[in-house]
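What follows is chain A paired twice: with chain B in the first complex and chain C in the second.
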Partner chain A sequence: MGKYVTLKKSDFNEFIEKLSKIKPVVAPVAKGKKSFAFAEVTTGEEVALQYIPTILPPKKYFMPQKEKILEFDKKKQDWTPILEYSEKIIFGVHTCDLAGIQSLNIVFTTKPKDINYIVRKDKLVIIGLECNNYCDEHASCAVMDNHLPNGGYDLFFTELKNSFMIHVNTQIGDEIIKRIKLFQEAKKQDFQQLDDLRAAKRKIFKDEVKVGHEGLKNLFDKSVKSKVWKDIDSRCVACGNCTNVCPTCYCFDVKDDINLDFNTGARYRVWDSCQNENFAKVAGGESFREDRGSRQLHRFMRKFSYPVEKFSRYFCTGCGRCSRTCMAQINLKETINALVKEKK
Partner chain B sequence: MKQVSLKESEYAVKKGKIVRTKQMTKMEKLFEISLPNGEALDHEPGQFVMISIPGVGEAPISVSSSPTSKRSTFELVIRTAGMLTAALHKLDKGDVVGIRGPFGTGFPTQILEGNDLMFVAGGLGIVPLRSLINFVIDNRRDYGKVNILLGCKTPRDMLFGDEVKQWEQRLDVNFHCTVDKSDPAWKGNVGLITSLIPGVNLDSNRTFAVVVGPPIMYKFVIAELLKKKIPERQILLSLERHMKCGVGKCGHCQVGEYYCCQEGPVFTYEQIKGKHEAL
Partner chain C sequence: MKKVKVAFFDFTCCEGCQLQVANMGEMLLDVLDLIEVVEFREVMSEKSNDYDVAIVEGSITTSHAVERIKKIRKTAKVLIAYGSCAAIGGINGMKNNFKLKEIREYVYQKDAKHFDTIPTHAVHQVVPVDYTVPGCPVYIPEFIQVLKAALSGLPYNVPDNAVCVECKLNENECMFDKGVTCLGPITRAGCNSWCINNGNICYGCRGMVSNPAENGQKDILEKHKISLEWIENKMNMYNKSRELGELK
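Moving on, here comes the complex of A and B:
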């Protein structure tokens, strides 16, 4: 099944060095205690191979927090659509975040297609990295079926005892392998180690909540009047951290900035959050989600119900970022379990 | 970050030249707009455009004119509510705005053909509905009975007064109007728009009700229409939602699994009945 190569762990630093000469490389780097971020690296020593999900997911490269989409010149009555992109190799993307990127791809390639996103995504090379064990207690990747690789990468690294096993998934990935010349052909014992590791993972990774993958949509569809949202309403501070760190939250605002000449300027897409009070408010002042509980319900429905109707896919990847970042300790797994308990 | 200019983009705007304006009420102003080289907007009744002023912003506005009236221009009626709309109100003939669109799913004019129609417009709802009403009037032979129910706050808030008078006088249109609050000169009905519905004589099986108004109005009007035994799939609603992109991405206009800017703004009651947050 496809091509596999290995890389000695002792060659990893050199690999990243050589990789960064092809294109700028971004990878998870440590940012203080239990905190990681994707940032530019030039040697393997900077890369955190054991990391819990980064503060922001790699979506920041696919849809930047602030993205120019148009430039204007008022006097000339000129509007020019703009595309911003940068060529990068993203190293070390966990399977949950690969699923997040796949979700964004679906959204932005659905008609009307988003040319800005599509071009930018094609300038990015994706190298995945397997989690051999749970990152922490917030992850729910098994119930979301994202604990094992499901494609969406050019190369995929799995850390074995003395080496990395690498799945070469695309032509782009193969060209990198051929160019860097540090790789060996995968041998029988490497495949054996990979098989053993996956078998061990199947024992470690189990549904993290009291409902199975298939039951999640129905659980949320039937939850609209639940008291769970009242409890969340009393705790949520509507800061929007949960949506900012979510790998599949893609809502944005469109804003104009005018330069000091009061003539030229640009239109931007900026990340927005459904947790903001004004998010769904219409010009007449009516809001369809006035309280914080209903806005949190909306966020969950956008992960567990609406995208299933639309794209046959959950938009929760199980990365656990929303729970990790929440200032009010609103916890995804606890919310799901509370809904299950209430239903019984 | 590298930057290139694009020939095509969902965010490309066309230059919309304001060819005529008319202050309709204190709050609402009409703009007649033409696109470069006489290009038609080519919209369907019920669709909307994104209008923008560079440096101020962009907003969704329903097209108020029928595509049957003039090919080379279209009309928007804009209520001043926020920064952008206030800035738009300062513009006049000769000024240029940015136009994207038309967007959304409009009224299904082909499906309506041959059927009796009951238009229910509350407040600003007449703005998008006027597009369909005039479309039907311009193709009057293709439709059955036409009832127009119009409601507004006070007689002074009435939009398109001259046109409304013409609808009232047509022999092929049944016109009913009410105001929430009258003034000394008003001789018509006083009361909510729902009060007009029971009195309309209709054949429920072949009637389509087309309802546009403020969000609060829908559930009350729908209840009256259902009492009249109009089938759920023959009740058409245009939903108002906050919108930023118009192309089904920004997330602001979500109603259940639908994006109001794509699958809507026009929905059948059957489509959205029972849907969380729809009505």
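Moving on, here comes the complex of A and C:
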């Protein structure tokens, strides 16, 4: 069962303050009217404990939007690999985003291994935070089996009535508990509260679509010629929002930038998107996925089919970000239900 | 490396994009190590007919300007359309909303007959252009990119994806979520969502993406209860000249 401790809610602010003295802490903070983003915090008041998934997932700390990977000097015929990383504690990661990080870990530790990613990941401490209820109508975490914790964290916080129940999952997590000294041993009534909460959650969180977890791959595999993609083709504006906010999209482009001395420069890795007009364009001007419907089909297949074959895992976490952010209201749950309906 | 001779020219514009060069700060010193400015009306009185690179600001709005830009094209090895007016026609394109005769008389009144005028054209609609730096004003990091490409003979393509892409990476709250209309979804990226990062909307100053998905855009307008006419007006503020083909 592992080690559990509790933290009084009244001690939460002090906890974040002390935590931020160990390493810089990033946590969800409110941004504008109804958006949230992970940003650096030094006090508990800044942290939004009740938040819907942030604009960008914590992916941005694991593979930054723009990352320098080498520096070169043409005259010297010299190039130096660069590894950018920083120590951070990420507080408040929901179970959907923990699943996203686990997916990225699998991708980047599978051969060919991505050393930059692996080193950076090891500098990040992850503190999870349980959702006691649905964040909003876009989430589909239950059908993706990500509404309950499945590991992937150092510490995991669950909000109970007057305290937080904390699962200590790693040695790094244990060291934080020992160092901050605000915690109490979890008592019988705390475990009871946790059990009650999880039981209540099992009643609240039900498959959000008209197909079960196991049926999703088959549904998409057989959907290639579906009319649903034609409808989506006429609606999608290819803004790329859906892939940029996805916790498991990891496509990138590599760009060289030379300095004004025309001798030294650097190579960067930047996020790319299969939804962009030029993504599948090749020499000669041909594009493998010219229309937006085929690009969207590709995106869905990269979540519900291809990774199952390659990594035995769905790459949709159910966070709902793609539906929430879509300019054209292309909705993941509606798309799945439309495919189910068509099949019948 | 031998310094490359560069001349700045302006046509119909506010010359604000050229002013951005002066705003470059310290980087300007590095740029001046590479280029020799032989003509630049805003900062010097010398003129020259001997240059390698012509950086052209402004749109082409008179037949006199047509002759002048053709001459510049003949002399320059490389021509850079600089700023929205040169790249896409820009604000001046609003003239094309009216009948030429009427707008000419409205502006110049009784002296109209002395002022020759043609519909507003982007530079590439009149002469071939090698590089384009859109923007009102230009985004200096992009201008540096283009300058580097031009000096090393490499192509530079203005991104053909929406400003939304960069805006998301900058983690801005969506303007549509704030209840404000923004032209980000149809405007070409490359400015690092400069305006939205600073709390403003996107006005579409960089020109439209090549494939803007008309139906999808209409859905977005419907969802946010925005009329087609209203958004067209917004788009035409910078993009009216797109309707013209090449100047015959």
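Just so it is clear, the second predicted complex is superposed on the first by the 344 of 344 C-alpha atoms of A that agree within 3 Å, B and C clash if a C-alpha of one lies under 4 Å from a C-alpha of the other, contacts with A are read in each partner's own complex, and residues count from 1 in each chain.
Assume a contact is a pair of C-beta atoms (placed from the backbone, for glycine too) under 8 Å apart; a residue touches a chain by one contact, two chains touch by 3 or more.
Being a predicted model, the structure only gives us computed values, none of them experimental.
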{"item": "Partner chain(s) touched by A:72 [first = chain B, second = chain C, both, neither]", "value": "first"}
{"item": "Contacts of A:331 with chain B and chain C, given as first, second, both or neither", "value": "neither"}
{"item": "Touched partner set for A:258, first chain B, second chain C, both or neither", "value": "both"}
{"item": "First (chain B), second (chain C), both or neither touched by A:146", "value": "neither"}
{"item": "Partner chain(s) touched by A:235 [first = chain B, second = chain C, both, neither]", "value": "second"}
{"item": "Of chain C and chain B, partner touching more chain A residues", "value": "B"}
{"item": "Contacts of A:35 with chain B and chain C, given as first, second, both or neither", "value": "second"}
{"item": "Partner chain in contact with A:103 - chain B first, chain C second, else both or neither", "value": "neither"}
{"item": "Touching partner for A:56 - first (chain B), second (chain C), both, neither", "value": "second"}
{"item": "Partner chain in contact with A:276 - chain B first, chain C second, else both or neither", "value": "second"}
{"item": "Common ground on chain A, meaning residues reached by chain C in one complex and by chain B in the other", "value": "257-258, 262, 278"}
{"item": "Chain B residues within the chain A interface of the complex", "value": "1-13, 15, 52, 54-59, 79, 81-82, 85, 96, 98, 214-216, 240-242, 244-245, 247-252, 254, 256-257, 276-277"}
{"item": "In the complex with chain B, residue positions of chain A that touch it", "value": "64, 68-72, 74, 77, 79-86, 107-108, 110, 112-116, 224, 250-258, 262, 265, 267, 269, 272, 274, 278-284, 286, 288-289, 294, 298, 301-302, 305-307, 309-310"}
{"item": "Chain C partner contacts - residues on chain A that touch it in the complex", "value": "31-35, 37, 54-56, 60, 65, 234-241, 244-245, 257-258, 260-262, 271, 273, 276-278, 292, 325, 327-329"}
{"item": "Residue ranges of chain C touching chain A (in the complex, touch as defined)", "value": "1, 27, 30-31, 33-34, 144-145, 148, 151-152, 160-162, 164-165, 168-169, 171-174, 176-178, 184-186, 209-213, 215-217, 219-220, 223"}
